[in-house]
Each structure stands twice: as C-alpha cells, then as structure tokens.
Amino acid sequence: MTTDTIIKGLRAPEGSDGAGLTRERALGWGGIALGLIAFVITLPPFEVRTIVPSLVLAAIAIVLGVLAIGGGERRVGGGAIFAALFGALGAYGASRSGVSHLEVVVSWSALTAAMLRYATPLTFAALGGLVSERSGVVNIALEGMMLMGAFFAAYGADKTGSWVGGILIGVLAGMALAAIHAVFAISLRSDQIVSGTALNFVALGLTGYMYVDTYGANGTPDNLPAVPEINLPTDSLGFIGQAISQLNLLVWGSLIAVILVWVVVFRTRLGLRLRAVGENPKAAETVGISVFKVRYAAVISSGGLAAFGGAFLSIGFVHSFSQNMTAGRGFIALAALIFGRWRPGGLLAATLLFGFSSALAQRLPEFSPQLATLFQALPYVLTLIAVAGVVGRSTPPAADGVPYTREGK
Amino acid sequence: MSEQTPAGPDVPVGGPSSQPEYDLGGGATVGARLGTALKSGGVITPIITVLFSFLVGGLVVLVTGHNPIDTYKAIFDGTGLQWLFPWTSGADRSTAAINLQQTLLITGPLILLGLAVGYAFRAGLFNIGGQGQYIVGSIVAVWTGSSWAGMPHVLHVILCMLLATAAGAAWAGIAGALRAITGANEVITTIMLNWIAIWMGVYLFGLGGPLQNGTQPDVPISNDVVASAKLHVFWGDPELQGLHIGIFVALAAAFVYWILLNRSTKGYEARAVGFNPEAARYSGIKVGRTYVLVMGTCGALAGLAGSLDVLGWQFHLATNDIQGTQLAFLGIAVALLGRNTAIGTCLAALLFGALVNGTSVRNLDPAVFEPELAQNLTTVIQGLVVLFVSADVLILLIYNKLRPRRAAPAKAEVPA
Amino acid sequence: MAGILIFAAGCGSDDNSSSSSSSGTTSTAAAAPAAKKIKVGLVTDIGGLNDRSFNSLANQGLQQAQSQLGITGRVLTSKSNADYIPNLSTLAQQKYDLVIGVGFLMADAIDTVAKKFPDTKFAIIDVDATGLKGKPTNVQGLLFKEQQSGYLAGYLAGLYAKDNNIKTISSVGGQKIPPVDHYIAGYQAGAKAADPGIKTLNGYSQDFVDQAKCKEIALNQIAQGSGVVFQVAGQCGLGALDAAKEKGKQGIGVDADQAYLGSHILTSAIKKVDVAVVDTIKQVQTDKFTGGVNTTFEVANGGAGIGKVSAAGAKYQSQLDGVTAKLKDNSITPPDTVPGK
Amino acid sequence: MTPPDASDAAGLVLELRGITKRFGALTANDAVDLQLRRGEIHALLGENGAGKSTLMNVVYGMLTPDEGDILVDGSVVHVGSPREAMDHGIGMVFQHFMLIPVMTVAENLVLGAEPRKNGLLDLAGARRRTRELSDRYGLRVDPDARVADVSVGQQQRVEILRALDRGAKILVLDEPTAVLTAQETAELAEVLRALRDGGTSVVFITHKLHEVLDVADRVTVLRRGKTVGTIDTAGADEASLARMMVGRDVVLRVEKEPGTPGEPLLELEDVHAIDDRGLPAVDGVSLQVCAGEIVAVAGIDGNGQTELIDAISGLRHVSSGHVRLRGKDITNCTPRAARDAGVGHIAEDRHARGLVLDFSLAENLALNDYRAGTRFGLLKPRRMLEAAGRLLHEFDVRGGTPGTPARSLSGGNQQKVVIAREVSGNPDALIAAQPTRGLDVGAIEFVHRRLLAERDAGRAILLFSLELEEVRALADRILVIYDGRIVGELPPGASDEELGLLMTGGGAARVAS
C-alpha cells in the first residue's frame, strides 16, 4: 500500500551490472569522451576559434556511438551520440561567442574550486545516505540531518568558542536526529519514507525554533569560529593547482570521507556485515550478526555524516546560520546517491557533476542576462538527462526500506 | 478441526486449512501491516496518532516555557472550527467564519495535493513532485486566466482548469514516462522537475520574462486573472479572499479518486502494480503504461490544485510565490496521515489546513505565544503527526493498551 | 522543504546603535505628551521578522514608536501570500488607525483592503501609491531613493579603488527587481564618477536567502579582480560580504548599517525603513497623514545615505560630504536602472 | 512409534523436551519432544504447517520457545540467538538459503567470522579458508563466484560449509531437497552420510517420504504441532509414514487414465529467446501439445524453462521462430493478447507472480478478466464477488471469502486460487509451471487431479516441473530440456536413469564446476 512496494519497484533486475568492459562499451565511452573533447577544445585555454575540428570529432563520436549500439551497448552508445550532439552544439556556441565572455565564464580553476564547494555538503550527505541505505534503512531525512548539523555546528561554535566544538556538537545533533529515525525505522518498524519525511519537518521546526529563540532577530554572531581554509603552495601547478590552493578543510574532508567510506564499506569486517544486513538481514542474523545493532550504527553514523555537510554550510562556508539554510540540498544528495548507484565513487561523480553545473549556471548569465533564471535550472536538467539517459535503472540494496523483524519476538 | 470436510468424491482434504499459513513476517508489506492496523484500529488509530502528536507537541510547548492548553486553545480558535458550534455567536461567530473560510481555502488544494501523492503511493510510486506539478498548473492557469478576456464565465473557468490539469499531468507524465522507458527513479526525476518548474516560472514572470506583467514593467509578476476566469466566492467577502467554490471541486475530485481507485479498471491496475508489479505484468497489465497514467493522474490533481489557488484568490503569480510555495510538501504529510484513502485524505487536509491557519499570527495572541516561534512550532507538530503515523506499531500498542482487553491478537506470525 | 523561501529587497541589520543620522521628516525627538494613543499594525511579507532586512527594520521602527510615541503596535507576519489579505483586513477590522504593509508584493492586497476599509489609514513600503490600480485615497506610499545611497557607496568605492590601484568593483544583487537595481545603478554611477576608468561587475543570485549562492558569486567577482563587493541581496548577501572578508577585500552593506560585521565593511548603503515607519506613525498621530500620495525618503531628508565609514575610507569623508550636498540639492541625480549589456 | 527411551540419553547430542511455541492464538509447537543421537541422520517429517520449521528455528535461536527445554550433550542450554546456537555447535541450513546473492562465495562463507588483517577484511584469507574447507569436506565450490551466479546446489554447499566452519556438530537442514534436482539430491545424500560417518549429527526436515527412507536412520513425525512419534526407518515404509504424517490413509499416486489426444492446439516452431543478461536461453525449441494431452517439460532448473514459458505467454520477446495457438500466430503478442487468444498460465512463483497477495481473493480471481463487460472503465464489483464466490466453491478454496486478502490463505489454497483463475478463462492451452512447489501432500493431490480433469476436458497442458515423480504421474509425453533445447522425448514410464541422462546433457556426468 505504501512505500515498501515503491522500494520493491526500484529493484528491477539489473542487466549486465559490472559485466566488465566489453569492446562495444569501450567504443561507447570513447565516443562520449570525444564528444566532450569536441566542446572542450573551443574553450579556454585552447580556444579553437573555428568549429571544424569539433565537428570532425563529434562525427567520429557519433560513429563510435552507432557502433556501440550495434554491438548491443545501447545506453552507452546513446550517451556517445548525445555527447557528440552536445559537444557540437557547445562548440558552436563557444566559437561564436566573444573570447572575453568565454574567459570570464570558463575559468577552469575558479570553476573547479566552485564545483568542489558546491559538491562538499552534497557529498557528505550522500555518503550518509549510502551508509544508511547499504544497511537497509532508507534515509529521506538527510535534509533534516544536514539542517541539524548546520544549526548546531553554528550554535556549538558560538558556545564553545571553537570550530572543533562546533563540528562536534553539530555532528552529535545530526546523530541524535538519526537516532530517532533509527528507533522508528528499526525498532518500531515504521515506514521509513514516512518517518524520514516527518523528521525533515521536525528538524526544520526545531532548528528554526531554537535559532529564533537563541539569536532572535540578530542572527548568529558575526565572529563565529570558522573551520579553517587549507593553503597549499600549488598555484604554479596549472588550473587544478590554483583550484586547490585554498580550500576549506571540510572540502578535503569530504573527499577523504569518500575514500574512508569506501574502505569501511567494501574492505572491512564491519562493511561486509553492513552490506549483508542491507541485502539479506535474515541471512545476516543466522550467522550471528545483530541486524539491529548494525542498522542502528549505520543510521546514526549516517546522521553524523550528513551533519558534517550541514556544518560545512554554516561554519565552513558562509560562517552563519539561517533558517532552512540547506534549501533542499538533502534531496539533491539523495538523488546523487541513487544516481551514483549506492557507491562512494559513483555518488562523488554525481555530486561533482551537480557542483560543476551549478558553478557553470552561475556564470552563464554573462552571455545572456535575460536567461539568467533559466540557467539556474541547468544542474537539474543535466541531472535529469543523466539519470534518464546514462544511468537508468539502479538497483538499491535488496533489503533497502524493508523493516526487519525477528519472527515471534 | 471442528468443521466437517465437505463431502464429494473428488475433493480431498485440503491440507491443514485450520492453520492458515500467515506470512506476515519480515516480508510483510507495510500495506499489509496498515491493513491489519486499520482492521484492528479502524479510524481510532489515526485519531490516537493525532492526539499523541499534540501531546508531544504540547510537551515541546511546555518545555519552552509556555502554557500548552492556552496555546492549543488559541490555535483552535484560529482555525475557525468553532463556527461549527451552535453556541458561538456574535462577533466571535463572524471572526470564526472568516477563519474557517481561510482554513478551508487551504484545505481544498491540500486535498488535491494529498491525493496526488496518495495515488502514486497506491501504485508503488513516490511522487515528491507535487510542488512542480502544482507550479506548472498555476502557471498555465494564470496564463489562460489572464488571456481571452471576452470569454463566457463558466467556459473560461472550465477551460483554465482543464488546461492547468493537463499541464500538471504532462509535467508529472515526464517522470512516469522516464520511469517506464528508462527505469529512472521517480524520486530523483520528480525532485529535479520541481526545481525546473520553479526556475521556469521565475523566468516566465521575472523582469523581461515572456509572461511578465504588461502594465507594471518593474514588478516580477504575472498579469492578473480576468473577471471571467475567477472562481465564484460563495462564502465571505469576494474581495477579501472569501471561500470560493474550489473546495467543492476538490471534494468532487476526492470522490472521483475513490471511484478511480476502487471502482475503475485503471485504479485496479494501479493497485495491482503497486502491490506486485511482477504479478501485474504476468496477468497482462502494462506496467510501464500504468506508471505513466498514474503519474499523469497525480500531476493532473496537483495541477488542478494550482489552478484553484490562482483562479480562486491569488489571481496573479509573482516570482516569489513560485519560489516560496510549500503546500505540496504538506501534501505528502496529508497523504500519509490520510493513508492514501479519499476520505482520510480529506480529513487530514482539513487537519493540516486548520493547523496552518490556526497558527497564523493574526489568530495567535502574541501574549500566549510569540509569533516568530509559533510558525516553527507548527512545523514541529506537523512533523510529529507524520512521525507517529509512520509508527503504526507503536500506536497500535498504545491503542491495545488503552482498549479494554479483548482477546484478539493484532496479527499472527508463523514462519512458513 | 526544498523550496527557496522568502524574498526581500535589501538587507537590514538591527544594530541601531551605530545608526548615525538623526530622524527624518519630523524633527521632534520625542512625542508630545498629548499625542494620541493610536493603534498601529504592521504586516510583514513572507520574509518574516528574522529576514535581517526591511521586515525587521520596519518592526524596529514600530517598536521605537511604541516606546517613544506611546502607541499600541501589533505585528502580523505572513507565512504565505495567502496571509496578506486576511492579515491586512484583520487589523482593519480591529479598528487599527494605521496599517503598514511591507514590500511591493503586497501592493494588490493593500489596494483591495484599503478600498474595503476607507476609514483606516494604510501605508506601504516600496510601493508607489499613485500607481495602485484602485487609486485608493487612504494609502500612502513610502518610497526610497536607493540610487542615492548606492551612489554615495559607489563613489566611496571608486575613490578607494583608485587609490589602491583596484581596477574592478562589483555588486551582488538578489533578483533583478526595482529596489535592488536602484542601489546597483547608483553604485555603478557613483563609482564611475569617482574613477571614470573603473570596471563594474554585477551578478544576481536569484535568491535572497541562500548565503552560499551570493558567496559564490562574490568569490567569482573577486577572482575577476574585484576589490570592493556591494551586496544587495538581503540575507543571501551576507555571504557576499563574507567572501570579501575571507579574501581581504572591502565589502559594502545594504539597507542598514552593517559595520558591525567587521572592519572589512567599507560602508553601508542605507535605507531607513525604521525612520519611515516612525514618521508615518507620527503623521497619523498629528493628523497630518494624507493618502493617495507618496513620501519619498532620500538623502535630502535623511531617509537615505550611507552608514559608518571604516578606517579605510575615512580619508574621503570630505569628498563624500561634497557629493552628499550635491545629492541634496539635486545637482546630481543618479540613474535608477542598471544598463543592460 | 516408540516413546522416547530414557536409556538412550547417554548418546544424545541434542534433546528437546516439551517445546511449545505459540503465535497469538495459534500453537505451532505443542509440547514437542525430539532426541538426536550422536552420528545419526534424523528426519523430521510432517506436512506443511506441522511445525517442523518452527521447531528447528527454536533450536537455532531464531525463535524463543514459550515452554520447554533444549539440552545439548545432556545439559540444559539457553539458545537465545543464532550466535548462541553456533556456540553450542548447532548449525543450520535454511530452506531459503541465507546467503547474500551479490557477494562472492568466499565472502558469504566467512560472514560473521571474518578473518582480518591490519584491521581490514582479509579477502585472500577468506578465499584460502573457503578452499581448505572445500577440500576437507569434498564439497567443491568456487570462492570467487558470485552466489547469485552459482547453482542452487552450490549455494547449499556454501551453507553447509559455513555451518561446518563454525564448528557445527549438529547440522539442521530445512527441506534441503525442495529446490534440488534428483541428481543433486543424490549427491546431497552422499554428503550427509559422509558427515554422519565423520561424527556429525544431522536433522533434516522434509515432507517427502522416499527421502526419509533413503537417507535417514530415524524419523520423528510431527502433525499439527505435536509429536506423533519417532521410529527407525529400517522397518518403515511409505504407507506407514504417510499414515503417521497425515493421520489417515492417503492415495499416494493419482490413478491416471491414458489421455486421448486430439488436434494439436499449441505449437512452437524453432523458438529462440534471450535471458535477462542478453544470453541465448531458448535455443530453437519446437514442440506440439494436443487437445487432451499433458506434455511435461522436464529438466534441471535454469535450462531455459522460465524463458520458454515467458516466450509462449508473451512476457518475453521471441527473437525468432513462431508460437501458434489453434493455428493462429501469437508470436510476440502482448501478455494480455496471449491470454485473450487462449493461453492460461499458472505461474512458477505464486507469491511473486501468480498473486497480488494484498488483493482480496475476488480481486485476484479477476486479474485476467476484470475488464470483461465493463463500461466507462468502471469495474463490476458485484460481478467480481459473485464470480469469486462461485470459483472458491468450485475449487474448494478454504480459509477465505471473496473479500479475504490472498496473503492470509495457506499455500495450497493460494495455489487453488491461481488455478481457478487460470482455468476459469477457459483456455485452449494451459501452461502449468511448478504447480505444486512448496505444497503439502493433500494440496498436491488436489492440483494433480485438477490438471488431469482439465486435460480430460480437452485442454492442451504444458507442464513444467523439476519433480520427476510429478512429471511421471501426470504427463502423457515427457520432453527433456537442456541448455535451452529439447534434447529428447520419453514416455511417462521412462526410468530415472534415462531421464537423468538427458537432463544432464546426454550422459557425461555433470559435476558442478
């Protein structure tokens, strides 16, 4: 009747998942790469001012795509053709537009840095979602957990006078909200989507209430302790060096967290058990694993990770809190998690894509101020196309969203 | 076995039929559990749920140093529901009437938005896209409603509502079609479509946008809906946002929803797909097409909600109306509390409509509760209501504790 | 949850103590003891009282009037646009003498309600009362010449830039709407007047709340060489000022004096909504209120201007005073629209 | 039927005394006793619902008994969780294997007792341990294969190895043969005997009488939650066991008149189809089923049966070839069109495909024809209820009215609902896929009778079954499928050896690779 059937619906059989790199698939990916290169060569620093080379590359990409489709790799092949058209179109636009505009918009180091900043809160939250859903508990309350992290990090930084204290309290608050989700989703066997939705409301109200109650109309103090920036002497190392020469500690933290989560989930005993519980809780129970303990641990850590994302927003980036400041990022993170097929690398790719298109969208009005608001939709349109076109069906952990009950207890 | 085996030459004893094999263990669907809950709890369970949430909400109020009884009394007075009591009279009665009009003004679209989520739930889909569908419906309604000024009244209204409904259906249909064709998860696609609808609307009505107001070039707002497209106000002052006939449209839609879900072949297919898509496919139901139709229906309901607001009281759309609309998210809560049934959704919509209006600052004496805090408190209470809805087990437990002992186990579980 | 809430033109702070200029059109510092005890209602837009912008400034004005003028005040916040008409009409029905609406999106609502309650006096901030469709005679528009404040801020920015070998200055707007563009147009014109060779950048965040968006835009502008960042995006804009602070650049606040944010705030372009509220209340108290017209708050009457100038800009005070004088006698009239590209 | 003998106590590794387990109003185990000797194979026999699985779940700590004691090696122990059970040397192999399909064999084997190195999971160590165990017990498995990709028999070996790895002295197997082919069953019996000879005690649950006699040393029979008795298999026969199990005499084999085939109704001509992974699964199948005839397709699971069924019923694309019904080409028509043309389909898995468990019986019975006679797209609820009432009566479905949710019925009655629905459409051809899987004796008997009755009514029935006995009992002709091809046709009287040879690919002993 409600959401467990939804989750089952997501679980359509995945065809050749992880079936290795066939020749056709390689051709298709090659096509996608060429299509993108066709675009990139018209951009700074290359700035090819004629469209001919791009058209040639795009044409090759289309041929590769057709070959891939002929070989049965319909999705990747389609992606190659799409990339070719996109590349040709982009190259046309770029070669027709003024160099100065182009250089303002496509400043690779600034774009990269902005991409990382946009992606950071999403990455943390999506990792939180991964840990929870790998254990079989759907976490739609990421938004609320981020918001808890954002407020309590600011609150904690204010009260303890140190950003470390802020992060600590923020993360604890995220975990506290997650613990409620755990009680309802695991012990009370609630419908997980429902309880998650509920907690988003609760977090929004609670942080708003406490914010107004504590800080009134003044807002958080302007001298909140901030998470420090990390300065690296990499400015001479090309645009990537410039992009990473000054980034917030938590930006690095999010990238490290991706690796850590990967190691924990796929290379440790705990991770094996986590995945086992998420795939087949009863099986895990029969080999002596406590489904309840693992799920509680996973959901609560999930809240902590999401809260890191919130803490980045408040004391890492803008250095203050405002009501509902996560503004839907938790849902984008959820999308990134599904988009990334419940894998750390995949979700990072998704959040980077989202971050990149957000950074780009913000610069595109340079070309047409009239369309400024439409450009804002770019990240969402791209995600929609990517999900529909390239990713398609993604299979969640088999027991995701299914409450576990030991019979007769 | 107390019953006698029916006689008949070819009829063997059909196994241990006195010991039905219940399969309500780990694999039991929430649907089944809710079904059980409804059977053993009936309408009592949701009521207990709501009461329980208010109790916890009251504790929150208490903890923050306010009087929960006064606060709730003030909130209740703000809903206008005391108009229904015959003993309310005089100035109280006219104030109550105005409040009730405002409560019902919110209730109408909430019913539709709740149904838009509920129908998808029944088909095993999660429609988070009510917001986008509502916006698209509003946009089309304001566009058509501000055009064709010379049209006959009834025709114009119906045309606007139909087009808005169709637009909402098409918008949601995108998510349904992507699910059907590429398998793209509708949770992602509907979230993305929400944002795309928002930015599209902001573009259309923003300064210099194609649908921006012709007479006020400085204001990011649409043209006004013309008189012939406005919905009739039947209660209260038509100029001061009285209650328009949209509430009946919403109630009619709820009735149609009931028919559709329980009495129509399409609804039957949707439910079959929702419960067991594989079995539905085996029996010849086209699962993909059902997804598209279901999402389309949901979008139609949400789009209709948008048109009611635009044609009923809003009459124009500003860019920040589009960015600020939160009603659809409340629709999710309404659907969940109403358990996706027609009548339940109507009642839940009334509850949430009353809650929203009752906590509005004009009705809440600042001496009882600071208005800045009240808004956030409402959000917490809404969250708690939904939270306890999710824990049917908990509520059932409480219910069974409260109820005089009757030896009827809520459910029996036997491993296969 | 996923929506972007709230909309507000410009940002305000509550830090009254640093507000340097004195009150506006009416010079009496305190109410005469005989002043009428009137009831004044304020209806905010959906930004609410915590918008750190004009809703909160208006509320401060009301509180000030309560303590100084002995009036009874009540604030009704609006959660959604469905609240505008009920909020306004509730106050009118309860016989409030003056009802003040905040924000130009309430224009239609106040137009409707004012016609229904011809005996109640209404005022609306940021709306031209003569432009209302119903031409109500009991509504006064409270307008601000934001371009003058912007011009002063821009002039200071230009002077600072010229001396510090900065070639570019920039502004971050919330959305392209008139009050925002007034500020930005004045800012650009002022900067060009001080330093004709200066390059001005401008971007809109399309958002008045999400500080991260404004901060990104400001960081991008700084990366393009901007040395002074002017925020015109309410709460969102605080992110832009944070970017300036982080990168060691100058920031310019908006609406209220935001000098409290730190020494990086060169100055603030001010719009005295609180003063406008107090003045209008006084008009009603003294029966001088007239409807169907506008009161414009500008440099000349102290309703617009700039806030505290930081140490970095202190040496330009005399030049600023000169420009202020010219704005007062209208020998300089800054533009109020941003030239398109 | 000897009562438990106290003098045996010395040799008992496991003893259950008066185990009672209730689920609400239902008593699944009612003071059950069981005694397991060291080094014996002990069968636990009973119909579905007799309480066998419940009892073993109690032993393994998955369920907590309401009353009674569990004794291991003569002393009372508390078994509150599987971990405690393992600590007492009890291992269990479940009917639905407790494995993680997406993980490798090695990962599954070490799950719960993972080797570690530097704090990380030692996957190389896991593979090594898998190989060691595999060698020690002679149960060959591939450590690196994904469990989802290996055969059911292999999966079972992983489970057995895992239990042994945790030091199981007592091995409980819940219906281990339900999913195995005849050959795999024989192999399992060998393994169990070897384990017994090595000193392990084995309890296996079954409702198949011949297996008890073939494999077990002793048997305890449960009926409706109570112990009927324990006997040595040496002196027992099928009839006496069946009497103990059911409590009355049962007809073990349905008496069948030879069919009188008429005109060919269902014809397949060189049908090809691919599976979900894009590999050829049906590779040129041609066959004919005549009116009044049951043709059985026998074969080991996973040789293209599912894909063939799907191809006939329109659920899977036929890449080449033709399907005809009464001469009319129905190749690649939609599932609905195939049904409308006259193909009935008793689905392989009634929970996943045959029924919508949360629908009422009436709604389930209407799944094929809910649109018949409707106007304006509105259902005819009264007609649905009436039709359901009629069918429930005709097919003797117990335990529910038309309004009862299908979920609350027993497996046998659920299957009757499926059959009622498929037969009521009056199809020319009826595909019956595993029609008796998981049913108890009484229900099997009903299904068999009904299929024969339908045959005699002139339908063409294509039966897919993994149970050779069933195939032999029902079929007029037997086709053997191997690797997507029909590799031979045999009469129902063919021997196990003949059938087994064809089913395993023509003679070469197919050892699991």
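Going by the order they are written in, the chains are A, B, C and D; count residues from 1 in each one.
Please note the rule applied: a contact is a pair of C-beta atoms (placed from the backbone, for glycine too) under 8 Å apart; a residue touches a chain by one contact, two chains touch by 3 or more.
Bear in mind that the values here come from a model prediction, so they are computed numbers and not experimental data.
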Inquiry  = Going by the touch criterion stated earlier, list every chain that contacts chain A and also contacts chain D.
reply    = B
Remark   = Common contacts of chain B and chain D, by label, are A
Message = Looking at chain pairs A-B and B-C, which one is connected by more C-beta pairs in contact?
response = A-B
Note = chain A to chain B, mean C-alpha position gap in Å, rounds to 29
Request  = Report the inter-chain centroid distance for chain B and chain C in whole angstrom, where each centroid is the mean of the CA atoms.
outcome  = 39
Inquiry  = Just the number, please: Cα centre separation of chain A and chain C in whole Å.
reply    = 37
Note = Chain-centre distance (mean CA atoms) for chain C and chain D, in whole Å, is 76
Task = For chain D, jot down the residues that touch at least 2 other chains.
result = 23, 57, 62-63, 358
Task = Would you please write down the residue numbers of chain A that are in contact with two or more other chains?
result = 1, 200-201, 204, 212, 282, 328, 331, 373, 376, 407-408
For chain B, residues contacting two or more additional chains = 29, 31-32, 35, 191, 195, 198, 202, 206, 208, 275-276, 372, 375, 413-415
Task = Could you list each pair of chains that touch one another?
result = A-B, A-C, A-D, B-C, B-D
Ask   = For the complex, which residues does chain D have touching chain A?
value = 21, 23, 57, 60, 62-64, 81-83, 86, 92, 94, 97-103, 107, 111-114, 116, 119-121, 162, 166, 276-278, 358
Ask   = Touching chain B in the complex: which residues of chain C?
value = 1-7, 46, 48-50, 74-77, 79-83, 85-87, 89-91, 104-105, 107-108, 112-113, 115-116, 131, 175-178, 206-207
Query = Can you list the chain B residues touching chain C in their complex?
reply = 98, 102, 105-106, 131, 191, 194-195, 198, 202, 206-208, 216, 218-221, 224, 237, 239-241, 309, 313-316, 318-321, 323-327, 329, 356, 360-362, 366, 371-372, 375
Key: Of chain D, residues touching chain B in the complex   = 23-26, 28, 47-50, 53-54, 57, 62-63, 95, 224, 248, 313-315, 334-339, 345, 347, 351-359, 363, 366-368, 370-371, 374, 377-379, 381, 396-399, 405, 407-413, 416, 439-440, 442-443, 445-446, 449, 453
Ask   = Residues of chain C touching chain A in their complex?
value = 1-5, 14, 49-50, 52, 56, 59, 176, 203-204, 206, 209-213, 215-217, 219-220, 223-224, 235, 238-239, 242, 246, 260-262, 340-341
